[in-house]
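Can you keep this structure in mind? I'll have questions shortly.
Chain naming follows the written order as A, B and C, and within any one chain the residues start at number 1.
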């Protein structure tokens, strides 16, 4: 496919939709209906001033820390539980229950136990994000190829080397699947923890403030900013996944 | 020569599982009773379980559960129907698939909770607020799976069907649908869990009727034990939904030749 | 072609959702024994006991109104709901309403005015339904000691910091040095015990719970501010007053009776509390009840408005004659 054609596919529909949005709202005076040009004009004023330091960056910081903690804790615990059969049987039903709790209801609980602060908000994100990583790691570790496992044993590869070259490697495609789900859950929890936890800063808090004060266009720019953040995180993820799983995608190509 | 370990016994898993849950409750109980965590804010497990017991026989509890499940099922149905229809439409055409790719990849990661302020302004505390959030969140889960599914359709089978003169509808019914079904079911299972999260979020944050609103009411009434009991209840609902959806998935996929490897959530 | 279908389908979906809520607006007051449906949005706390009692006692029906009470969790949906006309009446504290009018202007269809008083500081100066608590062993002994310390309030720039600051200033402390921190009432006792704040402004039932757990009341911020302070009330928009004057009048009359009934029958207030809140029955017996009365003390209201200007960033105190539209 020619580069031009690809580009046309890439921007075609978004451009059409934007034009439609613009055209349909030209004569509209409804308070709730946002106009694309107006949003574009105010976007910078709303977010690139003081709010960038006070709301946007702290929110991004919380979600990044939350996701990184979830990945580390999820992988470490997952390898432990996945490798020790007794532990797995012991914990499976309890974990099954904990992960079924809709994470937002844990916010009132954590707010009472930990207080209203950043640690609480990060803990909420971790509570929601850890399950996909943990459960996928357990599955990944369990499914380690038995031939490879025996080969390692024969060659006396064990301990850290076995963990790094065999277990983590073999489980990584599954772990990455988990991370992908974690990111979208983390974003949801970042927003809600700022809405519910009587925060005084953060994206979620600011957007609700806009709604309460009827600053509707500003509210829309917040929604768009959250969308951009979601897209950015998903791009970062795809980039990382490609690097981490290069060998795996290579293998699959050969398979086909 | 490996000796058969006791953990291979058929009873080992359920017994150990129960032990695990008891251990979990015991740690909770001790942490609270000893004051490790302030029991006023983290009441002992026994108190919470007793309260959960009384909840389970109270009519108002079941009313809220009913309200939550109503928004859940309506939201899930709307997104399932819409996502399946749109998924087949897009998936059936190479042109549409390519043309919609960027738009879908941009809209999909927008967290549906970003729409909370909009829902409040448009619908207030009525059920539509919850539906807006539920549908937005679960729609993409199903759509993506349906798109994977339609991409998986065997082109030889499709060509065969075409050469036998099967029309568009017949091709969808006999070739595309069977291939896509397992993907659709997986999408539904993922969406079911997400829909519950968003239903309860709407109740908690916006105040649409349901169990999440009851949690908030108990919170603002200073009834900490009751609040914890409802949190446990939401977990139980979540477990039931997961189990039912997995059961359905197994049933539907049983006859299916290629039972695909399950992706853990 | 198909692309259009997709967009169209998406829009139909949005419109279908929108259509469900849009229809609930217009109705005409019934004359001949038929009840006019009216909606009110309130917070499910003790402060709103009067309207629940009024419905329970049939006062609204006698005025020809069929009231549906919606409880909005944090109250975030109340003002938008009343402004957009989804609700005819809402419940809010007076400082919040003054801030809302600053947004909407005072002579627009969206401007809000109070049609019935809601809740008033307790007559008993030794016990009120809102107050500032400190840890039992705290070195904070007087209101003035709060200067330079952290105090939790449920919402910043609102009635909590206005009244607390005024009391501290009257006691000779520098109110501008108080660090107000936003913590919801349910979480404030925990924040106080964990040492996240030096003092917490809380209302019932958390006040009783905190005192039971050993916290010390530093002062009551409502009757400590002014013994006649009216705290919150029922409001509507200028548009509703214009379009449904009979309904507004009927609501005023029924609320007046409800407030008097609630004021005369504290036992009834405690009974009705058990029906719409999740406060435990034992706690309901213990909590301090607010005062319910139909009249507003304009002097106290003026002081409240002035305090909101001085300490909470309200730009100007409203014209109280139009802000309170208790009589037609």
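We adopt the following convention: a residue touches a chain if its C-beta (ideal position, glycine included) is under 8 Å from a C-beta of that chain, and two chains touch if they have at least 3 such contacts.
These figures come from a predicted structure and were not determined experimentally.
Undergrad: Farthest from chain B by Cα centre, which chain is it? Let me know.
TA: Relative to chain B, the chain with the farthest C-alpha centre is C.
Undergrad: When I count C-beta pairs in contact, which pair ends up with more: A-C or B-C?
TA: Answer by contact count: B-C.
Undergrad: From the mean C-alpha coordinate of chain A to that of chain B, what's the distance rounded to whole Å?
TA: Whole-Å distance between the two chain centres: 17.
Undergrad: What is the distance in Å between the mean C-alpha positions of chain B and chain C?
TA: 37
Undergrad: What are the residues of chain B that contact at least two other chains?
TA: Within chain B, the residues that touch at least two other chains are 38, 41, 99-100, 120-122, 204-205, 216, 219.
Undergrad: Which chain A residues sit where two or more other chains touch them?
TA: Residues 13, 17, 108, 112-113, 208, 211 of chain A touch two or more partner chains.
Undergrad: In chain C, what residues contact two or more other chains?
TA: Residues 3, 76, 80, 186, 190.
Undergrad: So in the complex, the part of chain C that touches chain A is made up of which residues?
TA: Residues 3, 7, 76, 79-80, 83, 103-104, 154-156, 181-184, 186-187, 190-191, 194, 196.
Undergrad: Which positions of chain C touch chain B when the two form their complex?
TA: 2-3, 5-6, 9, 13, 17-18, 20-21, 41, 44-45, 70-74, 76-77, 80-81, 84, 86-87, 185-186, 189-190, 193, 205-206, 209, 213, 277-280, 283
Undergrad: Name, in rising order, each residue of chain A that touches chain C in their complex.
TA: Answer in residue numbers: 13, 16-17, 20, 108, 111-113, 115-117, 197-200, 208, 211-214.
Undergrad: Would you tell me which residues of chain A are touching chain B in their complex?
TA: 9-14, 17, 32, 85-86, 89-94, 96-109, 112-113, 131-132, 135-136, 138-139, 174, 177-178, 181, 184, 187-188, 191-192, 195-196, 204, 207-208, 210-211, 216, 219, 222-223, 226-227, 230-231, 233-234
Undergrad: In the complex of these two chains, what residues of chain B are touching chain A?
TA: Those in contact with chain A are residues 5, 7, 12-13, 16-21, 23-24, 37-38, 41-42, 98-103, 105-118, 120-122, 193, 196-197, 200-201, 204-205, 212, 215-216, 219, 224, 227-228, 230-232, 234-239, 241-242, 263-265.
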